[in-house]
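Have a look at these structures, which come just after this line.
One chain, chain A, links the two complexes that follow: it is found with chain B in the first and with chain C in the second.
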Partner chain A sequence: MNVLETMKKCIREALPDLDMVMGWEQGFDTLHATPLFMETAEDVDRLILGPTCVQSLAVHLPSLKGKKIGVVVKGCDSRAVVQLLSENLLNRENLVIFGFGCDGVVSLSRLKKKLGALDFIESAEKKDDRLCIEINGEQQDLPFDDICAPKCLTCSRPNAIISDHFAGPQRTPRIPAKGKTALEKFEEKSLPERFDFWKAQMQRCVRCYACRDSCPMCVCRDHCVAVSRNPHFVSQEATASENFMFQLIHVMHLAGRCVSCGECERACPMDIPLGLLRAKSTEVTSALFNQEAGLDQEAVLPLLSFNIEEETIEEHD
Partner chain B sequence: MPPSNDLKDGGELRIIGFLCNWCSYSGADAAGVARLEQPTDLRIIRTPCTGRIDPLFILRALINGADGVLVSGCHPGDCHYVEGNFHARRRLETLKRILPISGIDPERFKYTWVSASESGRWQETVREFTAKIHALGPAPRMTDVVSRSKDLSLEGLLLQDENGGA
Partner chain C sequence: MHIGVFVCHCGSNISGTVDCPQTAKAAGEFPDVVYSTDEMYTCSEPGQESIIRAIKEHNLDGVVVASCSPRMHEATFRRTVERAGLNPYMFEMANIREHVSWVGRDKALNTRKAIDLIGMAVAKLRNGTPLFSERFNVTRKLMVIGGGVAGIQAALDAADSGIEVVLVERETTIGGKMAKLDKTFPTIDCSSCVLGPKMVEVAQHPKITLYAASEVDNVSGYVGNFTVQVRKRAVYVDWDACTGCGLCTEKCPSRKTPDPFNELIATTTAINIPFPQAIPKKATINPDYCLQLTKGKCGVCAKVCPVGCIDFEQQDKIEEVQVGAIVVATGYDLFDYSVYKQYGAGKLPDVITSLQYERLLNASGPTGGHVLRPSDGAEPKHVVFIQCVGSRDKSKGRAYCSSFCCMYTAKQAILTKSHLPDSQSYVFYMDIRSPGKGYDEFTRRTQELYGAQYIRGRVSSIHQHGSSLVVRGADTLAGMQVEIKADLVVLAVGIEPSRNSQKLAATLHISADTDGFFMEGHPKLKPVETNTAGVFLAGCCQGPRDIPTSVSMGSAAAAKAMVLFSNEQLESDPQVATVNATRCVGCYKCVKTCPFGAILESEDRWKNPKAEVLPTICKGCGICSVTCPHGAIQLNHFTDNQLLAEVNAICPLPTI
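Coming up: the complex of A and B.
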């Protein structure tokens, strides 16, 4: 039995005790997956697993608190679940986690850059380390590393780190390719260059809040400080400075909580490299507090705790 | 008060100070009462505790055009609310280290601890920080229009594309 069939079997067996199980189904073509909310056994038939299952379904979990929910998770999604559990935003007993070993997911924006347009894809299939797609009657065979999500290039946790049911084999984490990370490359720029970069990027930002809404750790929803009038941190003007303020709020609110799932960057319709800001925040909090988010259910948020003597912080007196 | 002599240019810059009510604000007050001469670029906002200072206050000030932000509170261990400044220390240090990625010079933000009795130290802190901000000059503003032809390539920032141009 392959991974998908095993997963379907697990879900069918668990479904009678659950209100719903979240997974993915094929969207309007074979390259696009869309979230699938399974309530009956027939719904389970539509489930797919594979490189097109890009969305993190963990984002829906906090709003479904109180219901008995099953969720299918990749390695990166599972970290979000762990982090939500550690922050007491979910009840473990109401949650059934279906994990599997992820083999990387595609990045539609990288693929679009490669192919020019992604109108309708007749077929898309991953074969080892290549993606074979058929577009406008033409066969294209692309190296997967060229079109996968950036996070997959350095993925160290492809397997769900928490699960009640695990389908298929464990994947071995990939050895990160040699070369500088995006963050290291960006940090070679001088401060004024970086500022100009963000200034230009923030002029493109349309403040659609897709980055916030796709973020599994953004749980304030209607109480988001970015839209509240009291306190009024950000105005409704979509100017570069207001957009930047919003982005930096997101970064500060995720400091020590960001699970590096890359959903913000994926969801961005303007392809703004928001991952850089998150990557830096993760680097900083790991260095300061020796703690990575989404790995330990018992962990205490670093910015909600302190040591009387901080070893990593130079004393300022 | 005339601008301090150690500042070469006459123009004032905008420096925002967030001071804890119990230590630094009293310290600054004591410095004033003692007529310790200080540069006048600093505009002080009094807060109940450094723990009240959301890092977003600092970001908002910097993005709204402050040339520098100074945060000062009780020495760790002396907090009026026992642990407010321990929390603040973690938040402020996190912010200070994240700032460089945004292109905002982290030197424009300083946090320090000054107690109510250290009026001399307060004078020294303000002089030093103001001089540093004057050396850096006015902060770049987000509102200045940037040409859209500027390099916006994203692919160059990805790991695999070695020859990318970003």
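Coming up: the complex of A and C.
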């Protein structure tokens, strides 16, 4: 049995005890997948697993707290589940996790840069380390690394780190590429250059909140300070400074919690490199507290606890 | 709103470097400000009256005073506006003294900064709301932690005024260091003769409950209503039955047990009563040396005890006590001088600490008050005293002066002469610090009448040479090196906060200074208060001080508790966190970060999880409000909107 069939079998067996299982199904073409909410055995037939299953389904979990839910997770998605569990935002007893080893997912925005508009897709299939795609009647054969999500290039945890059922083989983690990270390269620029860069990026933000809504760790939902009047942190004006304020609020609220899933950047319709900001905050928090989010369900989160003295911070001389 | 701004000159303290009239004029331009003026002393009677008049005349509903630190006069001005009929929280203070006039010299820049700070205060006030306190009952019971002379004084004074007192002492007897001393300066009266009666009074006082061999494990609650968990250590003797007859200590075969009461210069028995005047006078078994408890065979004490009170099975017991206020009087310990290699690093038997020397001088000490040196029990002829061992020495991390060592060294030199008339004492000192009534006369007498030789300089080395010690040092007044053959060397070892003080500070939510001594509320005006309401300080736990000052502090702390207990009810501080239940998503992040456990995991009517703040426990630190991602929990009087308004007042939005 291949991975998909094994997974379907697991889900069919577990489904009777659950309200719903979340996975992916094919969207309007073979390059696009969309979330699938399986309630009956027939629904399970439509499940797919593969390089188009980009969305993290963990984002839906907190709002379903109280229901008995199953969720299919890639390695990166599973970290969000772990983080949500460690923050007590989910009940482990009500959750069944279906994990598998992920082979990388496509980045539509990188693909778009290579191929132009992605309107008429006949087929898209991953064959070893290439993506074969028939677009506008033409056959394209692209190295997968050129069009995958950037996070996949350095993915150290392709296998779900938490699961009740694991389908298929374990994948080997990618060895982090030598050379500088995107953040390191960016930080070589001078401060004014960096500020100008962000100013320009923030001028483009349309404040659609897709970044926030796709973030599995953004659990305030309707109460987000970005839209509240009391407290009134930001206005609804879409100026660069207000947009920037909103982004920094997101970064601060995610400090020590961001699981680097890249969902915010993926969801952004304006292709703003939000990952850079998140990478910076992760760098700072892991240096300060020697801890990475979403790896340990039992972890006491540094910014969600109170210590008189922090072990890793020298407060007195 | 109608806001009035009052800019204070503070004599010349502020007006010296801030243009107050111009500041007041500029303040008049801020939104909602309808009246602004400058005053010579706003806190004075006429100053306060002019605020009240302005409130009436200009129909003000909010007041900003630009003056000193709120820690100085916020309460004063809150009462002022309240007298004029305003809510006391419709008042803001801009600190233009400590934050402006005292820290900058440029008048133009200072004036600009003062105006900015007032702008912030006005912006904050415009977003403020009236707040109301709640009233709650007070438990009229005082806990004193530490039964040294300071704690004893506090307990007795409070008990004499009719307050129930619980005295918690870590050791098996109260008395602290003073109980170990022989005579005390500057009168050379016998320490136990002065302290003894007070200790007995503690034991007999109907209002005092004594928990010896006990420590405070945990404190929860708030001023007026603390719940304290006291751990009564296992002493393996039923103290209710023990009569203190001491038969057990005579028969105990384990005679090599270290004797902390005698500062480890003598040994004692595994079951022991520290000294004849101990309070409580009860026997205690040291479990590390008791043969029954370590090897499982002996039990001699159990056989000889006439009342059968030995209990080898005894366990620690936790008792919960409700009190309304706490006096901390945990005193000090001696610094570990073994870091000083030049003084033999604790390895030379005839180099001893000052406290060990007190025991040698003391008639109830191990030598019966004969000065006999530890190595061979011989009477010393030449005694060298070295002052400032672990005091005023930055290289050892002890920059501070231990305050009483100059005086007790002089005392010990006098006592040496009276115990051993043929002896000669030498004192190496840095400076003689004797500011106190009769103190300087005392140190002079030591030199002039008792012939102690004072040498100004440090000792560079002490070596064993046969049966004596060779002390080398500098005489900086004579400008030469000196070498003294000594039979005994006494180190005036500096003091440090009592062990585990850090932990106790955390338990009590009080702070400590960089040296670890507990922090007073204000160095001048609140010397026995802490910044935690209802917790007071007495004695050496706050800093080095001698007996008279420790006793005064004990009385002062008791007086503060009496003032507190003179109220039937107290008013709670309304500057606490409140949860906006419609916004709270029940993630309980705030519950995890609150350092005071003031937030409950609660539910609303529909069983949705919601956070709930216990206003009496909340200290208003604001950690919860920075934790809550969407501002559902706000600190009254410091709401996000108030703080954002302040920020926007000094940083108008850039146009990018």
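Going forward, the second predicted complex is superposed on the first by the 306 of 317 C-alpha atoms of A that agree within 3 Å, B and C clash if a C-alpha of one lies under 4 Å from a C-alpha of the other, contacts with A are read in each partner's own complex, and residues count from 1 in each chain.
By our rule, a residue touches a chain if its C-beta (ideal position, glycine included) is under 8 Å from a C-beta of that chain, and two chains touch if they have at least 3 such contacts.
Remember, predicted model here, so these are calculated numbers, not experimental data.
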Fit or clash between chain C and chain B when superposed on chain A: clash
Which of chain B and chain C A:C132 touches, first, second, both or neither: neither
Quick check for you: in the superposed arrangement, does A:L277 touch first (chain B), second (chain C), both or neither? first
First (chain B), second (chain C), both or neither: which does A:A41 touch? neither
Applying the touch criterion given at the start, work out whether A:E87 contacts chain B, chain C, both or neither, answering first, second, both or neither. second
Regarding the shared-chain residue A:V251, is it in contact with chain B (first), chain C (second), both, or neither? first
Quick one: is A:I308 in contact with chain B, with chain C, with both, or with neither? Answer first, second, both or neither. both
Residue contacts with chain A in the superposition, chain B compared against chain C: B
Which holds for A:M1: it touches chain B only (first), chain C only (second), both, or neither? neither
Touching A:N230, do we find chain B (first), chain C (second), both, or neither? second
Go through the superposed model and pick first if A:C208 touches only chain B, second if only chain C, both, or neither. neither
Clashing chain C stretch [against chain B; choices 45-53, 99-107 or 171-179]: 99-107
The intersection of the chain A residues contacting chain B with those contacting chain C is 199, 202, 225, 233, 239-241, 244, 303-304, 306, 308, 316
Under the touch definition given earlier, write down the residues of chain B that touch chain A in their complex. 55-56, 59-60, 63-64, 75-77, 83, 86-87, 89-91, 93-95, 97-98, 100-105, 111-113, 140-144, 146-148, 150-152, 154-160, 162, 164, 166
What residues of chain C sit close enough to touch chain A in their complex? 506, 514, 580, 583, 585, 587-589, 592-595, 623, 627, 629-632, 634, 639-641, 644, 653-656
Interfacial residue positions of chain A with respect to chain B in the complex: 110, 113, 145-146, 150, 153-154, 176-177, 179-183, 185-187, 191-204, 225, 233, 239-241, 244-245, 248-249, 251-252, 255-256, 271, 273, 276-277, 280-281, 284-285, 287-289, 302-304, 306-308, 310, 313, 315-317
Across the complex, what residues on chain A touch chain C? 87-89, 199, 202, 219-221, 223-225, 228, 230-233, 239-241, 244, 253, 301, 303-306, 308, 316
